[in-house]
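Chain lettering (A, B, C and D) follows the sequence in which the chains are written, and residue indices restart at 1 in each chain.
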Amino acid sequence: MRELSVENLARVEGHGGITVTLDGKKVKSVTLDVHEGPRLIEQLVKGMRPEDDLNVIPRICAICTLSHRYAAIRGLEKALAIKPSEKTQLTRDLMMLGENVESNSLHTMLLALPDFLGYPSAIAMLNDYADDVKRALRLKKFGNRVMEITSGRIVHGENPVVGGFGKYPSKKALEEIKVKSRELIPDAIRVIELFGSLEYPAYSEAESLFMSVNAPKKEYGFAGDTILVSNGKETSAEDYKKLTNERVVTHSFAKRSLYQDKPFTVGANARMINMGKRLDGQAADFFKEHYSDKWLKNPLYNDLAQAIEELWSLEHMPEVCDRIGSLEDTPIEKPTRTTGSGTGAVEAPRGTLYHHYDIKDGLIDVADIITPTAQNLDDIEKHMKLTAERMLADDKKDEEVRLGLEMVARAYDPCISCATHMVTLKRI
Amino acid sequence: MMILKMKKEDLSTFLDAVKEWGELWGPTKKDGKVSFSKVDSLSQMDLKATRTIIPPKKFLYPPRFTMFDFDENGYVERTGDVPKRILFGIHPCDIHGVVIMDKLFLETYNDPYYRERREKTLLLGHSCIPDEKCMCIATDTDFIAEGFDLFFTDLKMSYLVWVGSTKGHDLIRMKPELFSRALDKSDILNYTAYRKWKNTQYKTMVDFTGMPDIFELGYSSQVWDKLGDKCLSCGQCSMVCPTCNCYNVVDDVELGSIEGTRDRFWDSCMFREYSLVAGGHNFREKRADRLRLWYTHKLQAYIGEFGKPACVGCGRCVATCPVDINVVTVADALKEQEVGK
Amino acid sequence: MKKMCVVLEDREIRDNPFTPDMFRIVRRYPLTNDVNFYQARPVDVEEALKFDYKPGQFVMMSLIGEGEAPFSLSSTPSRPGMLEFCIRNVGTLTSTLHGMKENETVGIRGPYGNGFPIDKMLGMDILIVAGGLGAAPLRSLLLYILDNRDQFGKLTYLHGARLPGEMLFREEFIQLKDREDLNCLLAVDKDDTGKWPYKVGVVTELFKDLGPVDGKNTFGVICGPPAMYRFVTPHLVKLGIPKHQILMTLERRMKCGVGKCGHCAIEYLYTCIDGPVFSYWDVLHMKEIIGRGVSDKTIA
Amino acid sequence: MTRQSPKVGVYGFTGCAGDQLMILNCEDQLVDLFGATEIRSFLMAKSDNHEGELDVAFVEGSISTDHQEKKLKDIRARSKVLIAIGGCACVGGPQAMMVGDGKWEERFKKVYGNAKITVAKPNEAKPIDAIVKVDIYIPGCPIDKSEFLNAVSKLVAGKHPYLYQFPVCNECRWKENPCILYAGKFCGGPLTKAGCGAICPTLGLPCVGCWGPTDDLNVTSEYQLLKEKGYDPDEVMKKLRKFGGAKLAELVKDIEKKGAKA
């Protein structure tokens, strides 16, 4: 028996590793374990005021910081029966677009692309692909800038609060976003073209189910009150437990999810599968051009899905900015009750994120947070197992198998998808 | 001193005209934040605002700025990039504050950074209505006779305009038709009435006479320890006080080179590290010691040197300290040997 | 009341007192395991003889990227051309300085501070008490007096160190013991070598060996760690030296050296421009001056 | 005079990866950064990582398993300078907010039930200086780009990074914000290290304390003040503890004891 282990799958909300146990050419098991220490954040926020919870929970993950914040805000506002103003709503949309651009450009170009092109890092690509690396940095920087303008800073901005914003973006800042987002569209298109021209190895192909929020008004978007499943079902976000069924496994500090006893996928490709037809603008054209049945089986297409989504986010910014600019600032809405429950669901760049709260007399009684990576873990394991089996059957060398596995894990953009470095092979 | 008269409604025209000399700055109020900001015209100013959060020292000596650019060959001073500015609407206390800063920065050794900004900034004072925190009457800074370029006293129907410098006079000469030398008896009466009325407006009653002796007597008083227990060491008092001048200096280098800049930023004697010296010895380890230095500086030492306190009575420490430590409460506590609630 | 207002138009001083000039380190060797001796000369050699100062003054030394720190001049202006320092490695700037080699450059501006009141000290007896790094400014005074020996009365130099190996300028001072016109007494707290031929004990022990002192006609000068002031001053008072003739040089944190940054303030005085040399009389009515503990009780 | 570019490693332990992300967020300097240093190990940014002797190690995150403790000691052993980056490494982070209350195991059980987790032995979160010596602290949640770049630039030039300590209030005053605490509402400014630029008070929101406690804080006075202003002591304590980690836990112990008596 030998063990092919992919150590330090960093950033699966912390640190993880993949161990593939091989028996001859057969794969005995694939385990993705998270050995980052537990943080028990859900327990720590118990007894806190909602505003204090909002300071803590974004620190679960820096790269989805705004998604966490927004999911919590949605959950808390439902629990406290607060209805945010239109201006607040739109400004939140804008911040999510910013996070999407930042995260998707980081993941596609700087973390996933080096695999496809055979480099150890984006920096190592500088000599041969300087333009593309700089393009990615431009996009990422702009995404960060949008987050900074809307949330107060690049990472862990405190500006979005329950009931509104500390301060709304200034007219000048909105104008800056409008101009810059238009300027960057050619860059985003180049990213799509690049990923559209890549070969996606078929080793990992398998049927799966896809979940995402159902954005309101039949539009594409990153937040919603119901959840779409690719089998056609639609469920209220409040029933998230039925969808995710969290459980603890012994080899990991991250919890796991199954839907109807089967692994499922969340993320950009799930969003495309469920809501792709709602895209508009050039993003819609690219979607039509590139979308195929393969997306339903091969997780690697998540990279291309992210590229298309990023273009959509950029294309949408000017309109959102205009609408925000046309509305008067509104004060922060106050809670209308002190006891209640609510679940917020948003689409983090790497998939659906749930924050559920029970509030009692103004204090948090129960907090339940289900992250996209936790939902994907079983799915990742499933696709990796297949990849390993098929590659071994193809007589691939260990080095190639290792890279193949890394690419699959990374494609899920697991929180920060610098996943799966340092693969070592152990034989018994 | 030359005193001229101007119609109330001409002020706006005058300010529009003098903008040719430099940027126009004045007191503004936005989101509860009262500050001197760059404005286009009089209409954007709020002349009723009593005190800005930060005094005009920020113009002469910004919270943070670069002194030098350096590389291995030496240090090149960074001056010359300061815009010409006209500051309208400064109150007498703040002009007194500038006069004290002038002494500090321009005498003995001449600070070129302060000097450049001072020379490029014209101070156009404006009379004020004291609020419940003002105490300039106790520090003898309620009126001002020097240190400004022009000073506008609002007498309801008209302004009396004191011309304090040749530069001030040059501004007048940009619109001479707005000013008249023909002052009559009613102007004198109005002015006297205004002074009398202003004297009755103070609500904070505090007496700083004898402070140097009271400080001397109270050097070891337990009052300092009690105040020290309350003080948060937040340093706000130093930032807002028009006569606090302390600063720190740091060098920054650029990535991958040894070129860099030497920056200066506002510091406060209320911070622990401020007085720390080599070997870990701290001359003012206790907050009580630091507070005593601060208030000794304002109410004892300066009076000993110059006959009046280094406090100009602006009330900013009263309007800032979250735990109610300020010139009034400290002076009272020392006199009564009791820290008030 | 003094006139408050500074008239801007009057002044034509355009020099930037904060600009360091570049100096070259021409010699550098260790005095003890954490104190180095440095000799520095302006990069522009023409300038070398123009740098004039008084014993007891200090300079602000800049290292690129590390900032500035004050250091006493250890050399005497009576031997112009070269500035000398002895500097202890205690932190960021000083540790980088310790790693520098001869021929490298540093920025220096100054001299600053009042220095010793040489005019008043002329013709008087001088009793110097140095402890540890206090020798840095006091060596300047000592060498100055030796170079102008006929202008002063009796000269006594007391120097204490913790261990023989920690005594700054040990060889230099031991040689001075041979001079007729100087009474040089050295002490170490502890002799770990077993070969120390002079006094073993704290510096105040040396007062026993002093012989007669004409207090009224003497200037006592102290420099050393804060605690030393507390122990030594009573001895000087006992010798009958008037309080205004007991001098001490003080250290404070400094960021400008020219009375602007505020860090070295002691009540209304600035160590940098009103000091670093203060008389015991100043200290007596400025309680904070050598730190807590020097209250009326301990001084009386 | 050319210096050898320092060998650098960037490591992450328990936390949100925000500080490592902030390094990657230095978009304009990233290429120079990788040019001026020899980045030997940086899991989050590259695959070809080599462990070995380092000039500088940047360590993010708190330590909360035995496995991590071992790894950190190893990093320390082969690094000349070890720099803690971010609140988790410097003071323990939000996961250490309740350190010492004796209820950690209870909380662990509530999240993981009775499941036996074999991958590593979990512990209550600790700042890294509870395990190894730290040479330089760069606080923040997350760290500030310019503070980080200043420190790196100095290290590359062979100089000492320097952060002068003062509370957020100082920066807040520079921004001319009306004071929230003066108005009688909670603000963590006086207790918190500056470096963020007083972002939150500038947005009209209280400072949450994410830069961690200053070396010279008067937590008792602020606690008293807020109590006088009508805050529930429990709530104040929760707010104070959020980012204070082990250090604040130590400071508030007394208050909590006295509070219980009062």
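The rule we apply is simple: contacts are C-beta pairs under 8 Å (C-beta built on N, C-alpha and C of every residue); 3 or more make two chains touch, one makes a residue touch a chain.
In this text the structure is predicted, and so the values were computed from the model without any measurement.
Put simply, the chain farthest from chain A by mean CA position is C. Inter-chain spacing, taken between the CA centroids of chain C and chain D, is 42 Å.
Chain geometry summary: the mean Cα position of chain A and that of chain B are 52 Å apart. Averaged C-alpha coordinates give centres for chain A and chain C that are 65 Å from one another. If each chain is reduced to the centroid of its CA atoms, chain A and chain D end up 25 Å from each other.
Touching two or more other chains at once are residues 31, 72, 248, 250-253, 258, 260, 267 of chain B. Among the residues of chain D, those touching two or more other chains are numbered 154, 157, 159, 162, 204.
In chain A, 167 are the positions where the chain touches two or more neighbouring chains simultaneously. Every pair of chains meeting the touch criterion is listed here: A-D, B-C, B-D, C-D. Listed in rising order, the residues of chain B touching chain D in the complex are 31-33, 35, 52-54, 63-64, 72, 229-236, 239-240, 248, 250-258, 260, 266-268, 271-273, 287, 319-323. Contact residues of chain D toward chain A in the complex are 12-19, 21-22, 24-25, 27-28, 30-31, 34, 39, 43-49, 62-65, 67-68, 93-95, 97-98, 104, 107-108, 110-113, 115-120, 122-123, 125, 141-142, 145, 196, 199-200, 203-205, 208, 210, 234-235, 238-239, 242-243.
Those residues of chain C lying in contact with chain B across their complex are 1-2, 4-6, 8-9, 11, 13-22, 62, 64-68, 88, 90-91, 94, 105, 107, 225-226, 251-253, 255-256, 258-263, 265, 267-268, 273, 287-288, 291-292, 295.
Within the complex, the chain A residues that touch chain D are 8, 10-11, 14-15, 33-44, 47-49, 52, 55-56, 58-63, 65, 106, 110, 114, 120-124, 126, 137-138, 140-141, 144, 152-159, 161, 165-167, 248-253, 406, 415-416, 418, 421-422.
Residues 67-68, 70-75, 77, 79, 99-100, 102-112, 115, 118-119, 146-147, 166, 219-220, 245-253, 258, 260, 262, 267, 269, 274-279, 281, 283-285, 289, 292-293, 296-297, 300-302, 304-308 of chain B touch chain C in their complex.
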